[in-house]
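In the two complexes below, subunit A is the common chain; its partner is subunit B in one and subunit C in the other.
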Partner chain A sequence: MVSSYFKELFDRANQGRLAYFFVIAHIFAGTYLVYTQPRSNLAFLVLITSFLSLYFFRTSSRFKLVAGVVLALVIVPIVGVRNIFYLEVIFQIAVFAALALGLNIVVGFAGLLDLGYVAFYAVGAYLWAFFGSQQFYVLHFAPGTQPSDLPFLLPGDTFYMFILVGIIVAGVTGIILGLPVLRLRGDYLAIVTLGFGEVIRVLANNLDKPLNFTNGPQGITPIQRPTMPDMVVDWFNGIFGGVVGHDVSPANLYNLMFYLYALIMIIVIIFVTRRLNDSKIGRAWTAVREDETAAIAQGIPLVRMKLTAFAVGASFAGAMGVLLAASRTFISPESFSFMQSIGVLSMVILGGAGSIPGVILGAATVTILNLQVLQGFSLYLNELRQSDAVIPIINFAWKDLSTQLDPAKYQRLLFGLILILMMIFRPAGLIPASRRKRELDRDETK
Partner chain B sequence: MKQFLKRINFYELVRPVGQMLTFSVGSAVCMSVIAVVLALILDQTYIGADIMEKYRVTLFTYTMINLPQVVIDGLTIGFVYAAIALGYTMVYGVLEFINFAHSEIFAVGAFVGVEFLIALGSAGVLSGASLPMAYAYLTLAIFLGMLAAGGLAVTVERVAYRPLRGASRLVPLISAIGVSFLLQDVIRLVEGVTTGQFNRIFPTFGNFDARIIFGKLAMGASKITMGISVKSIIVIVSAVLMLVALNYLVNATRIGKAIRAVAQDRSTASLMGINVNRIISLTFLVGGLLGGAAGVLYALKFTRIDPFVGFFPGLKAFTAAVLGGIGNMTGALLGGIVLGMLETFAGSYMGVFTMGAAGSEYKDIFAFSILILVLIFRPQGLMGKHVGQKA
Partner chain C sequence: MALLEIANITKTFGGLKAISDVTFSLDKGRIVSIIGPNGAGKTTFFNTLTGIYKPDSGTIKFNGKSLVGLRPDQIAACGIARTFQNIRLFPDMSVIENILVGMHIHLKQSALQTLLHLPGFKKEEKEAEQKAARLMEYVGLKRVENELAKNLPYGAQRRLEIARALAADPQLLLLDEPAAGMNPQETEDVTQLFRNIRTDLGITILLIEHDMRVVMNISEDICVMDYGEKIAQGPPSEIRNNTRVIEAYLGRGAVAGQHEEKLQ
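Then we have the complex of A and B:
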């Protein structure tokens, strides 16, 4: 077996000092490659995968912590501001990782299939979009007819308060939706949440009359960001200007700031998730997931436990929505389609439902596939179209290929394949949750 | 001949027709009464005055003028929903599993039928076709759509569902969602590579766009035109034929008996010598055939299709199946007709009744509201029996 051979090789490298050496070498190699070739996707992949070797090699937890902090807070941001596309990629990875971690509570821990998860994300996003823009004064204007000199309703710094408000509002929405439907069996719940996701999207699309709340399909813009003092910009350029090679503009620094906020959110979510999972509630979730009837027999309040999972997952999505609205300064119903929900679900399933490192890995993999592999393929096809190349045997000229064929838009294919293949070949995910892993090991020894 | 006639179970041929008639007339009458009463009430408020000012008619007259067309549209779409809903309900009855990819099976049927007709059109066959030939081509298109969709349904079951049988409930459901997404993009890919277009238009031929006018009814100053388009008649008639055939298959043949046995208890059925896997495949085939035909009929009725055309009809058909009581075939029929009616009535009158605040743009989410209400108040559906969850 090839795989067992690799495992043996890995185990031999994964001992004592050698493990430290490999991790450091990987990080340095990645940093060096990206630094010398800022445009290469492959170099970026080498750097990003160093998180993986940090996770898999057996090193002391203090080393892991320090290396992780240096990677996430120093190396990745500097690489990001040198090539702004990387910053976008890592920002999206962070946002989707946070969303996937939130959905993981619902799907992975409590075993409830939520197909309308981005609805809560939309609730958060539209909340800040309404209060953090001029939309309040546009209420009586049809989309596109508002005067241009309107004031903002709230100052940008209330953003921080609205993260809390977003958590509460999305959580309450989750409870209101969950109360009637959580009594239902799992597959009905899936369809109802799907319907709810569509309802929110249609509402966002159509609530531009009779009062203009959402500005319809055009979306709301501009949305305010929290202020950033000039001091921070000067300070950043003073320290890192030499390494970056040019002065970083405030706009790019904003992207960096939102990346850091997303990281903070991830840490908070991981902390809360782990504490919850180790508590009585977490054990109740596991029981409900494995066998509802047995859980009831053990005296677990079924609906209340499901509702908790639903509300906790929803509130994280709400907070991320507020963050998204502020970081993009523009939102429209497009961003909250059913496909997004399935995208987040495929991240959870790919990584391993119930497993925190797995879900983060899933989010990173799907986002990179989406943003780098599919788009890279698109660019390659475009180059082929412009060339005179011909497919040999069938004698088909590449330039005759329809321009409609753009792999970057084939995300559904990607998500669909991930879901089917994972369900058939590895339902526990790439990094199975520890409990699942124990079960799988026990099955093998039998 | 006599022997053959003796074998036919006429009761099972007449019963579904009677059911369909009852359901159609019943839901049409109910909805019409509600709409008319609402109109009469709202006439007293300033909504009525507003209509009076704009169109110089009372709200009551406005409602009455549109009523025949609304009822017919509702019936047409209702029968399409019923045909799709039967696919969901049969699979659910046998496997207790929501075949999420059924909406894409429907879309594939629509695409195969329409592409066939477009190919005929570009070959120049359609434009000069006589009326019988036009109907023959349409029938052929429906058959091709059925074959493609049925074959696809069986393949999907074999590849993506069968390996997962026996896993926990959510596993095949997630796989089905994956299949649904995959198929949407596969349709898009195939259409993109071969034709370069994602939106396909049902070609115009034959007399399908014509309207048959029965007569006019005087209604105050204006007149109500009583008419029906040929398309709607074709859709309704073919749907009725298919539903009768399906009912006969399930309730009056040996195969149908096997399907019912598997639905009731899979392991016991297999002890009785029924090949369970073959029956499950057959169920998917029948569901796919119906879905494919519904796809072509849908394309005939609404003319334009795109790779995502299956999503909303699929969801609504699922709603219809739940509304009628999932797993119950008569229920799916009732649910489809009722849902089609409700939706068409809401789409046509909500805009006027609320003075444009909430119009037909909410038509698509109307079905979901019904779904949620049904699930809260009567989760077993209108006709379903209450069954406990199988452990």
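Then we have the complex of A and C:
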């Protein structure tokens, strides 16, 4: 078997100092490639996969921590501000990873199939979009008719407070939705959540009358961001200006800031998820997923545990929604379509439901496929079309290739294929969930 | 005083009377069996008792408190634990986690304690783990704490289910065909285990069982059901010779034949 050969090869490399060597080599190679070829997708892939090396190679946890911090807080920001597209990709990975981690609690831990998860994301986003823009003063204007000199309702720095508000409001929304719904099992729940997701999107689309809350399909803009002191800009350019090679504009620094905020949120989410999972609550969630009847016979209140899972998952999405609204400064119902829910769900399933590293990897894989690999193929095909190249043997000129054939447009087809293949060959996901091992100290004298 | 008092409960599914006017009481510290042919309503009786089904009429009192209308988790919290006819473990959880889930109602950790890992949380988890280890040993599971429940052999799964039920510190333990599918040696072992549970832990046991060696060996009292009705109750020696019981199991003809044999 080819796979067992590779596994053996990997095991041999994954020992002692050799493991450290490979990790450091990977990080260096990635950094060097991206630094010298800031426009190459391939170079970026080499760099981003070094997170994987860091995860899989057996090195001390202190080394992992230091290397992870250097990668995430030094290398990625520097190559990111040199090519802002990379930063955008990483930011999206981070946002989707956070969403996938939230959905993982609902689907992976508690086993409740939620097909309308982005609804909570929308709740968070519209919350800040409303309070962090001029929308409050637009209430009585139809979309597009408002005067241009309206004030903002709240200062941009209330964004930080609204992350908390977003957590609470989305959590409460989760409970309100969950109360009537969570008595349902499996398929019924999926259908109802699907409906709920659509309801929120349709509301966002239509709540521009009688009072204009959401500005309809046009969406809300501009949404404020928290202020960035000039000091931070100067400070960043002072330290990193030399390595970056040019002065970084405040606009680009904002992207960096939101990347860091997304990173912080992921760390908080991972922390919360792990702690909950290793407690009475997490065990109850898994028990409910495994066998409802047996779980309830152990005294686990089904509805309350499901509600908790729903609320926790929803609150993560709410926080990310607030972050999204601020980072984009623009929000429209389009960002919260059914396909988004399905996208996040496929990240969870692809990566491994119930597995924290798994769903992060799932989010990264799907996002990179979306933004980089498929786009890259499309660009490459277009280049070929414009050249005079000919496919040898069958003598087919590339420029005769139909313009319909655009890999970026076949995204969904590719996802479908990947998911089908995954379900057949690796149903537990890329990094399957594993149960925590416990060391019992037994009384050995007996 | 009776631990469990059931008076005139009836449960129908559509036109079928699964349990019909059953009255039953169980004293503390006893081991009592429920027997009867397939379809006699034994498991429905358990399910009604544990709140999975709500009785159409009648009363169920546990320690003097009415259980009718309570949710299964509330009933479990009152001190009734059970095992299932077809083993219902949490297959993808480890052995020790299965037992820890059984302790759910006794763990007091709050969300804040959990998130911040305050001392109270760690202490409680540690104690729970130790208790789980003791329970594993008690039911005869050795060093399998980190195995997934689904990977255990059949007999060990049965034992794990019992350990999980015991983890809740119940006053009453309901066992639904605990010896099903076991060989004679295993059957012997679990029978001894049930005796120990009663004497060491003072837990009252009510069990459904088809294996008459177990039933006759262990029970102090036997309740016989047929077509949803309780047709007899008494000590094993009495039940063994009860005509209605023999009829229910072997058919009227067999009983008649037996009589003829006796006459000849």
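Just a few scattered comments:
In this section, the second predicted complex is superposed on the first by the 404 of 446 C-alpha atoms of A that agree within 3 Å, B and C clash if a C-alpha of one lies under 4 Å from a C-alpha of the other, contacts with A are read in each partner's own complex, and residues count from 1 in each chain.
By our rule, a contact is a pair of C-beta atoms (placed from the backbone, for glycine too) under 8 Å apart; a residue touches a chain by one contact, two chains touch by 3 or more.
These numbers were taken from a predicted model, which means no experiment stands behind them.
Of the two partner chains, subunit C is the only one that A:Ala284 touches; subunit B does not reach it.
In the superposition on chain A, contact is made by A:Thr293 with both subunit B and subunit C.
By the touch criterion defined above, A:Tyr188 reaches subunit B but does not reach subunit C. In the superposed model, A:Ile420 lies in contact with subunit B only, and not with subunit C.
Of the two partners, subunit B and subunit C, it is B that touches more residues of subunit A. After overlaying the two complexes on the shared chain, residue contacts for A:Arg435 are found with subunit C alone; subunit B is out of touch. 291, 293 are the residues of subunit A that lie in the contact sets of both subunit B and subunit C, per the superposition on chain A. Partner subunit A is touched in their complex by these residues of subunit C: 50, 52, 71-74, 76-77, 81-82, 84, 88-94, 96-97, 100-102, 104-105, 107, 109, 111, 114-115, 117, 121, 125, 129-130, 133, 145-146, 148, 164, 168. Listed in rising order, the residues of subunit A touching subunit B in the complex are 111, 113, 115, 180-181, 184-188, 190-192, 194-196, 198-199, 202-203, 205-206, 209-210, 291-293, 338-339, 342, 345-346, 349, 401-405, 410, 412-413, 415-420, 423-424, 427.
By the touch criterion stated above, subunit B contacts subunit A in their complex at residues 97-98, 160, 163-164, 167, 169-175, 177-186, 188-189, 192-193, 195-198, 311, 315, 318, 322, 356-357, 361-362, 364-365, 367-369, 371-372, 375-376, 379, 389, 391. If you check the complex, the residues on subunit A that touch subunit C are 272, 275-276, 279-281, 283-284, 286-287, 290-291, 293-302, 435-438, 440, 442.
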